[in-house]
């Protein structure tokens, strides 16, 4: 993305009225799911792409010594979710939240599993700001994640899983969920760096060629920032909720790392507020420049009009045809416009005009109109 | 509703001074009530439209194994409310709140019943934003609801009741109250989708033909959003109050579903804030465009005036009638306006004018006045 | 009151420095008190107007089975207050608060009595917004109220006392205090209805004839709303304080009714916020209209100037007196202004001017300057 | 002080970096201290002006039955403070706070003494807003107060001490500290009354002769109000801290009076907010008036230009010199400008001009340009 | 730094996505560390500059009776940090926070050490506002501090350490950390004094020569203030966190001094808010001045145009060539423009023009256009 942000993805906000809570009302544009299963312990990792969900859960439940991460990309399959819900005893309200992709980040505790939602914000190559939902269920040794599209944001985490460095293979599914959340927060930093670049570029344009696109782009940036803030703010609350949770899924180790993620979240809020202030400052400067431009235009108009309108009037006077001799009666008018017949009258008048112009210029100069306001 | 919001219903805010609390002071425009009684248990539903309230309560009290939902549409009958109040021992303050239709959403607990108020916000087909009151009393196995008009918003709930899917027939009157509240929240989403459409359409108009109706419509949308927010904000508090209530009417099952409704409420607040930001952004852009338009007009005026006023002055000079020969004395003036009698004087002057105009155009072009600001 | 609010009463805010706390520093404009004593129990009411306070308290203390309401209208008599203070053992700070009529609504508990302050806001017939203080002391079976003027706002309560309906004769002095407070809140609703009417009328004027009085009146309305809010906001806190009080004066019954009054207070806050938003919206629309009006004026000026200034220049050119024959030498200038002597030259020039004007009109029409901005 | 506020005193905000905490870094402009010692019990008062602090403390400590108030005016003597600190075992940080005169109002408890800071805000006769620091230490039967200048704000308290009315001689040093604090709050009321007068006067000017000094003065008033608020806000917190303190110095009696002072503080905040709203309203009205004035000027310009520019063009046409007879060839041009030679051509043209002008005036009149916007 | 603030340092906000938490990802511009070790007890100080970290910790651990302050300036050496981390058992997340130099001020407690971050804000001599990170670890008798650059802000603290006055040599590493934090706060005061000077200078320029740089500089100052506030706000929270901490590192003595630092922090916030208000006030005044300037320009234009355009029209009328005698037919036109041939016609017309001009001047004078708006 270079230059300005072009578009902000709009979430479909329509809902059917009075549907039974827990109804899986899948958007017709939702993508068919791809299923990746990662099974690992401190000795190694096996990764597999599965076609169907049936059987996976049962197989996974048997492998007690392993941690399993089932990554579902695309949520356009009610069947899959229902199967999952039945085999793992997930509340239908949770399943409904997974398919209704306009949830705020949140953390819900249930009897033997926890459910969390994050929002993934990123720019496409065309400069559109995407706002996707990422949900995760943690139950026993199992982490199931759902994302809306097939875009893979978690390459780096998979690589760390392969490499097996740090706690990633040994600290259970909650640590994996933390690793994914932290990666999502890293993406926020990238989005904010891109918005920061756009702000820099906008500020350059403000000083170099402030045309009206500055205002339009500043408003667009402001809305992007609001979109990011709307996602980041409840994300912070969510992490705080996890930190205060007593759930056995969330171990003390994971909490220490989450406190780090919480700090990142606060830094994100800070950057957003900072960028919002800069955007406001750009808008204020732009409006002040428009106002100054108007002033400058008015000054040019006023100076030229004020100088030449009186002079034109003087010229107009000596363009009047008051006659010295009546062409009919041949009678001489004693004094009509004697200046016209005066010796060097023309030069005297020209000199008078010059003096008037010079006086006006001096007046305007002393008013400071020739300097910039 | 297409295009813009036309009107926002105004609640009559007049009250008589010093009335005894609990006085049923019914608005003279209030509709006569229609009474629908739904009696159901897990085996089936019976629905009946009753003419009078007398006897219903007594009949209902006897049918212990059933849950009853008495739906009162229209509140223009003090007699009915007093009968209800006496037979069920309802506090007169509650009855007063039912008929004074400008209550904020709230939840009040009494010894053996609970009372709640919601606001139903919707657009009529003429584009008027209606803001009606919905009240509910839950006592034992009985739910009594009151709404201001005969408009039926709850078709879908009645259909679910008929179909008997989910918990609706088995989870008691509080679940039914939840189902109705959730339906009201669904209607909020529809209203916000309509307002969102109006915002989209307004934004299109802003870029295509920004006339002054943009400002008027943006202000109208802003007020609609404020009206919705004023209803949604205490609704959230109300649901929170119910969640923290110890009342036996509110079972643990219902609370789980209410937590879902609470999330919906928060999403509604989110959408409202988002739309308010977009409205502000549209207003700011519009004002900036008006300002730019003014600038552009001023530039045209200034360029034309600045070029032609000096030229007209030059033409005025050579329109002066300084005489070379005095018609009376026939004396020749030595040098009066020799240019007029110079060889090719006219062409020299025309060329000078052309040069002046070209210089000015170059100056203005270098000031960037020929590009758009 | 029709049309606009004319004036907002200003409270005298001067204080003497370093006075002993509890000094009764009575404003010299304060009215002489009128004293009405209502003594009642469930069997009946006796009302009497007394000239002097001396003896009343003693008499009242003896009548144990009765509740007494002593209504003091006008506070311009330090003697009376001191007598009261001595006979009832009231803290001098309380007496000072009664005479310093710029207190915020508040509720203070003392050992064996409670003290509360409300503000009565109303419009006089001349459209002045009055802001008076109402204070009340509850001690044993005695309620003493103080108001600044002789205006009687409590007719309706006295009528209810006469009629004896409801709890008014049986629920003690705290219920009477509640009834008076609720009446004061009812008057707030009336004031807000009047302000609402003024807003409607102002909005009509905004669309019909937006002159600069719209701005002045909108600012006046805004200040009225702020005055009302400044009184209503601590009133809400005060009622909340009473609700949480453990004082024996405030019985459980009275608290139930006060909860209702609390709801009214919140509704008043809601109406005030709503009206403030409408006022802001009117001001924004007015400013936008002024800006549009300016634009329209500039467009008229620019169109006329841009069309006629170049044409006048052309006319000026052919008004120049370049001579074809030198009057002195009689020498013929070969080519000076041949257009003047061309066949149908005049018509060609007129046609050229017409074409220039038409081209400019087309340009301006395509810029959309003939439509309204 | 009449008219406008002229200046706001600026506190020197420079500090040396890395100084040892507790260093007494006295400003070189600080005044030399004057020491007044008041010793009193319920039987009488003795007042004395001392030259040196040495010995006073020791003398005072011996007189157990008396309360002592040592008033130090002027803080330009490090020696004095160090002596005090040593003899009374005061923490150096407290002494540092006394000499660094930009402290916020605060209340600090130490083991056997308490320390409090207030700010004294007043206008000098030249209209400068002074912002001085007042600090007090209460230890046993001793109150030591420090103020920056020799201006005596506490005449009234000294008079009450002389007169011996109320609790002032009997309630100990904390009551004296309360009396001084309450006097400082009384001075806030006076400052706000003066600002209120300036606002009234400014509002008059706004309607009578709104020149640009209105804006400058409104901004100056706004800053004065902010200065006062900055002092009053923490003062309220300070009093609240004292009320919640368990210190033996602060007796129950004093707390009752402090609650009264707290109310005064809240009233001060109220007045400040009120005055800020009025200031904003004046600024908004002024800006709207400037905008209207511009509109009016533009209308005059447009009306005159729009009427006379086309007429001048018409006059210009008939000032063109298209020849009817070629002076060289004596050939007659058939139709060049026949109007000039038409019968009564001049009058027809004048009539046409008149009609054009009348039509334009009617158009502008119907646009409402002759009424005020 | 004289005059205006030129630039605000921008922190690099890019992060790599999905890195393992605790990875030491050192910025390539980071400076190589310099290591100064101060070892002291109440008897004396030894200071040494070390080349390598290896061995220092071990040596230091052995010297039990001494307090050690290891000052690391420059953080461009991952090796050093890893060594430190290993020898002192510091959590990798802490090390990561030390190298990622965009942390907010914070205080984290670990089992046997505490970690704190501050931000050092200062102006370079070129007027750039620097925003550097200062981190500190306290463990047992050891304080390790990290700063980004080799700029030494702590000369004064080192001097106090040399001099050995106060508690600095005896109160342990936490007191040293306090002394450094307080020094950082002193630098905030200096930055705010510099910003205050810039504001004074800007205000002077506002009244003397208000050109458009005023707006640009005011916006720059506003952003500087926001930058400072963004650092100072969490600093206050940090100090509060330390005050409420139970860590054994933070002794009661240190807490008393930290309460003093907390007061300084609140004063800093106060100064920032004050300066922000002044900046806003300057911006408002500037915009109002631009508007007034425009008004003044428009008035000059309107007065000159309104006076001379009608006069020029009159002159234009008498410049028309309506003929008295037809040159072809020699027929006399009876009445064409008799004024031209009237006795003293020229003087009458000049007098009429003069009267028109005077009337207009009187009208404008009575509108008050010759006074300043």
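The letters A, B, C, D and E name the chains in turn, as written, and every chain counts its residues from 1.
The rule is short, and it goes like this: contacts are C-beta pairs under 8 Å (C-beta built on N, C-alpha and C of every residue); 3 or more make two chains touch, one makes a residue touch a chain.
These figures come from a predicted structure and were not determined experimentally.
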(request) Give me the chains shared as neighbours by chain A and chain D. (result) E
(message) Given that chain A and chain B are copies and touch, would you call their interface same or different according to whether over half of its residue numbers are shared?
(response) different
(message) Based only on mean CA positions, could you tell me how far chain C sits from chain D in angstrom?
(response) 25
(message) Please tell me the distance, in whole Å, between the geometric centres of chain A and chain C computed from their C-alpha atoms.
(response) 40
(message) Quick check: what residues of chain B touch more than one other chain, meaning two or more?
(response) 291, 294, 298, 301, 305, 309, 312, 316, 319-321, 337
(message) Thinking of each chain as a vertex joined to the chains it touches, would you call that graph a line, ring, star, complete, or other?
(response) ring
(message) Let me make sure I follow the ring: beginning at chain A and going to chain E first, which chains come in turn?
(response) A, E, D, C, B
(message) For the complex, give me every residue of chain E touching chain D.
(response) 153-157, 159-160, 165-166, 168, 179, 182-183, 186-187, 189-190, 192-193, 196, 256-257, 259-260, 263, 266-267, 270-271, 273-274, 277-278, 281, 284-285, 288-289, 291-292, 294-295, 298-299, 301-302, 305-306, 309-310, 312-313, 316-317, 319-323, 326-328, 333-337, 368-369, 371-373
(request) Could you pull out which chain C residues touch chain D in their complex? (result) 13-22, 91, 93, 96-97, 102-104, 106, 108, 209-212, 215-216, 219, 222-223, 226, 230, 283, 286-287, 290-291, 293-294, 297-298, 300-301, 304-305, 308-309, 311-312, 315-316, 318-321, 324-325, 332, 337, 340-341, 343-347, 349-350
